[in-house]
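See below for the structure under consideration.
Here the chain labels run A, B, C, D, E and F in written order, and each chain numbers its own residues starting at 1.
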Amino acid sequence: MDVVVETIARAAPDVVAGLAECGVATVHEAQGRIGLLAAYMRPIYPGARVAGSAVTVSVAPADNWMIHVAVEQMKAGDIMVVAPTSPSDAGYFGDLLASSVKARGGVGLIIDAGVRDVRDLTEMQFPVWSKAIYAQGTVKNTLGSVNVPVVCANGLVNPGDVIVADDDGVCVVPRAQAEAVLKAAEAREANEGDKRAKLASGVLGLDMYKMRERLAAEGLKYV
Amino acid sequence: MDVVVETIARAAPDVVAGLAECGVATVHEAQGRIGLLAAYMRPIYPGARVAGSAVTVSVAPADNWMIHVAVEQMKAGDIMVVAPTSPSDAGYFGDLLASSVKARGGVGLIIDAGVRDVRDLTEMQFPVWSKAIYAQGTVKNTLGSVNVPVVCANGLVNPGDVIVADDDGVCVVPRAQAEAVLKAAEAREANEGDKRAKLASGVLGLDMYKMRERLAAEGLKYV
Amino acid sequence: MDVVVETIARAAPDVVAGLAECGVATVHEAQGRIGLLAAYMRPIYPGARVAGSAVTVSVAPADNWMIHVAVEQMKAGDIMVVAPTSPSDAGYFGDLLASSVKARGGVGLIIDAGVRDVRDLTEMQFPVWSKAIYAQGTVKNTLGSVNVPVVCANGLVNPGDVIVADDDGVCVVPRAQAEAVLKAAEAREANEGDKRAKLASGVLGLDMYKMRERLAAEGLKYV
Amino acid sequence: MDVVVETIARAAPDVVAGLAECGVATVHEAQGRIGLLAAYMRPIYPGARVAGSAVTVSVAPADNWMIHVAVEQMKAGDIMVVAPTSPSDAGYFGDLLASSVKARGGVGLIIDAGVRDVRDLTEMQFPVWSKAIYAQGTVKNTLGSVNVPVVCANGLVNPGDVIVADDDGVCVVPRAQAEAVLKAAEAREANEGDKRAKLASGVLGLDMYKMRERLAAEGLKYV
Amino acid sequence: MDVVVETIARAAPDVVAGLAECGVATVHEAQGRIGLLAAYMRPIYPGARVAGSAVTVSVAPADNWMIHVAVEQMKAGDIMVVAPTSPSDAGYFGDLLASSVKARGGVGLIIDAGVRDVRDLTEMQFPVWSKAIYAQGTVKNTLGSVNVPVVCANGLVNPGDVIVADDDGVCVVPRAQAEAVLKAAEAREANEGDKRAKLASGVLGLDMYKMRERLAAEGLKYV
Amino acid sequence: MDVVVETIARAAPDVVAGLAECGVATVHEAQGRIGLLAAYMRPIYPGARVAGSAVTVSVAPADNWMIHVAVEQMKAGDIMVVAPTSPSDAGYFGDLLASSVKARGGVGLIIDAGVRDVRDLTEMQFPVWSKAIYAQGTVKNTLGSVNVPVVCANGLVNPGDVIVADDDGVCVVPRAQAEAVLKAAEAREANEGDKRAKLASGVLGLDMYKMRERLAAEGLKYV
């Protein structure tokens, strides 16, 4: 029942890079306001913005054995996504594992649990989005699976899905839709630059979005 | 029932500036240890310290329509205070709205909900105190009100009240008491510089505050 | 029943310094994966790493009188550990008290409650690990005790125990075991440098830790 | 600054009784989906449904002195509403105070903090809605106020407002609007009995509320 | 993009009934300790134990329009599973909707949000497992989907999966595995009756499970 | 390092029985308002009130092996107190273990984690105070200790301490002080019956406790 799937499909690198460029808020809007992981998933340091293909790991509570197994399955540009089968804030991942992931070309970690050695991880500029920072060590006793679908922080992640993460949180883009989502996101981006300039110059959203008539129709009163 | 109040009274600019200078901890003590919003209201980046007159916004859950309406009511030196009628961590506010608020002279946002685009907001140095950082988008379907009394993060805010916010959180000063509170806060400040110097030089609080006698009277034993 | 114990034993300064050097994650592993305070204890700014001998303070809820008493008991290299008898997020400690602790040679604060003036504390580089940041003031009405055993953030702290704190949280090392734990931690550290280099060069943990056989024996399938 | 307001206006008893009959969900809808206290306010036993006029109490953290003062201000049909100035889960209220409130004709307690002796309170059928159940005792050291506006569990309560509470939570109806809200609530109730019967007989809401056309217009597809 | 899938496969009624009989703890163990929804999902009254086929509903935050649509898709023995696309504790569901679900033969509700009218629901013995009890009303403005895969309370639910729910929480059994899981669960049950009798008669688990040797081998010392 | 201490001292049975009679709120007041476990420790059903001698168990996260070991150490009148070394809500304990504890004469369980089979436990009237109700199963892989001091739900428990638990929560009475605390609690009880009668007859606490003068001295104004 516990398996490691060795071959997974990934999105094209330029699509992944394009999604990273757009960022979480734009990508999530572009795919119809869905795909965000829970708001408690926070970066360990500010300013990181990455995207990558998900190598998923289902782990037992407070047991990080399968993370070691998962490292071998990572390729350049991948992001590891770790979900325990029972909630735990233990620190499953630290600087040694990060060194190993980096050596494989991995670009980050998403973990619905705890992480530790965050000072070292920050110095290495290895970005992590986690539920907790906690030094509590883990054991290596119980099997789990690699590259199976997992639910992580209330979001479904299939292996090979594109993960986009920045200071706003984490968004999952299903691999098959990545290209279409990128197009929608880029259209949105282009559009936003123009809007931002207008708003910064003092044009009101009420006018730019032509909201006044609908507000009046709904019954809003100015007093 | 949904209204926009267009004319509100504000405290004098020098009073507002003075309160910003004093900071949250001092102002809150000066008005009798009241007026703080809930401790979960945290700044999106460290180091900001602002004060401003409250433009209040009552919004429907996960609906930011009224924020667009409220921008028009902001004047230089104002702070927007957003309270949903039902709890939601959705990201009601991002860099486009911040550009618009800045263009009106607004100096910050207090929101008992989520905010997004925090990397851009940090670059713009637009300070926000929020309950969550979350990319989740909102709709524009349901009316609310602007410049009515709101309860935000367990504190009552009337339009025109002075909001003081820094790394310690957010404090509300009723407009009518702003000048008196400033005086009390400044007196406290003056006092504190002196105390700080003494304590830094090694004088004990036990002696400076003359606590030893009362401690003994209460029965404290040294063993 | 409320007492101040004036004489406590402390660990040797070089042992304390050595534990600081190793950091929380390593020290906690070295003493058998125990001794961590709750994960909600977070530093007010990133990057601090300290160790010190615990001066413990048991305080009444929202009452910081005993903290003033405890300052007098601090010696160079001590860390104050504050535990309320009933949970409270009030801001028991600010920059004035920090000035006083610094003047005594104290090196930090661990408080299972709130702290305020965090901008000033950051400027002073006075490190604090707390449950909350909150400006709410406290009173000085009820006695408590200094240098008695306390339960702080779900951990037992005896006066004179060594506290190690960094970005990963807070760890308590019983005084009598401090030297042995340091030895175990240093052995672990030496070991880790070597492992890190191997992993960074691309050696897999699966091979370095010789896990493949045991994984197969447990039934892990590669598909 | 700390005051006891001895004379407050109350809503008519039959209006209060009518609102109790309607219950929280209906009343809150009838006044425009506002007025609920936070969802964490839960009854200590199931099945209670009461309404009463608010006697408000602002208390210091972990200090129940003002509750004793407030008891004297209660009249038959009143509900005590307690809000600490700083969050605390301490048990401010137990069976002795409940005996006293009952002797005055009081019908319940709303407290944004802890309560204790809940087995006795359940036997007495004295209903309480609280944030916590906690035995932690409190002191009697610091003044507060009675019958001033308070923010309780993120809701504004003015003395004399009607409090409606049942298994769904707690709703505040401003005194001046109590009669109008009752009418709207009763209209809603009448309406609901009819709807309930239709739905129970198998009529679909889609048809009863004539939703099909609008769903199609919005683009919902059946596949 | 918003769809209602009208035809879904369901597990055989006797399999569903058998799983209900076994209960959540046993079923979850029988399928390998996976499938539980988050621990915050609690029943609104004690003692209910049901199983049913999932009719899934993806709803917008604080908007219950799609629940009305979903009712029409329910058949006898179904359980409705509601997941908002953004977290909200609003009360999406009350006694009117429960009457309608009951009329269709539905046997319960699982909702990762709030529910209201819980006194009526308890009287009707309509079981609900929810994240919150909250009277806050919702709107009917935004489309969603029915009978698509949803993530609910950190668990993946496909339409037609078997939901088992009792006082211990909620467990999801994928439809295709329902029969096999039932067999494993029943084997476990049989086994448990025997164990329970032995333990109740005073036989120790240490002996019954033959643990003493392994404990000694691991190094446990009796002192 | 992992040990089972087989011989522990216990308080006299009549002292334990007396403390049960007094209940948590009274006992905690009688020993100086200390000794309560965290407010999140709640009974799985209402109405239970027990006291017993603590048999303590330190367990690894999501691993209940040591609970089986601890059962053998229980004697009539004991209460098991379980504390994981790292937080976990997993369901470490269910009806099989309860049957075994009951067979040894054990009277209850205090667990800073999850419990399951709560319907069965309720039918058996086996009282449990826990942090969570959760069906998640555990493993039996890692040693721990029995009858060593543990920190459980932010309280220190030594083996043989008296645990008092009821609807108000859980209180720990150090064994050596149990008799003195009982006397103080009984004195308090006697006293309370009298007070209750007076308050129920309409005497105000303000008069009974002679508070009016001190209130006036502190500056309380009636307006």
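Following the convention adopted for this analysis, contacts are C-beta pairs under 8 Å (C-beta built on N, C-alpha and C of every residue); 3 or more make two chains touch, one makes a residue touch a chain.
All figures in this text were calculated on a predicted structure; none of them were measured in a lab.
Undergrad: Going by the touch criterion stated earlier, list every chain that contacts chain B and also contacts chain D.
TA: A chain counts here if it touches both chain B and chain D, which gives C, E.
Undergrad: Give me the step distance from chain A to chain E, shortest route via touching chains only.
TA: 1
Undergrad: If over half the contact pairs have to be identical by residue number, which pair among B-E, A-E or A-C is the repeat of B-D?
TA: A-E
Undergrad: How many angstrom between the C-alpha centroids of chain F and chain D?
TA: Each chain's C-alpha centroid was found; their separation is 31 Å.
Undergrad: Could you say which residues in chain C touch two or more other chains, in rising order?
TA: 33, 36, 39, 85-87, 89, 136
Undergrad: Who touches whom among the chains?
TA: Every touching chain pair, ordered by label, is A-B, A-C, A-E, A-F, B-C, B-D, B-E, C-D, C-F, D-E, D-F, E-F.
Undergrad: Mind pulling up the chain B residues that touch chain C in the complex?
TA: 23-25, 28-29, 33, 36, 39, 42, 46-47, 49, 166-169, 171, 192, 195-196, 199-202, 204-206, 209, 211, 215, 218-223
Undergrad: What residues on chain E touch chain A, complex-wise?
TA: By the definition above, chain E touches chain A via 1, 32-34, 36, 38-39, 85-87, 149, 151, 153-156.
Undergrad: Could you list, by residue number, the parts of chain F that touch chain E in their complex?
TA: 2-6, 45, 65, 68-69, 71-72, 89, 91, 94-97, 99-100, 102-104, 114, 116-119, 122, 132-137, 140, 143
Undergrad: If you look only at chain A, which of its residues touch chain F in the complex?
TA: So the residues of chain A in touch with chain F come to 60-62, 85-90, 136, 139, 141-142.
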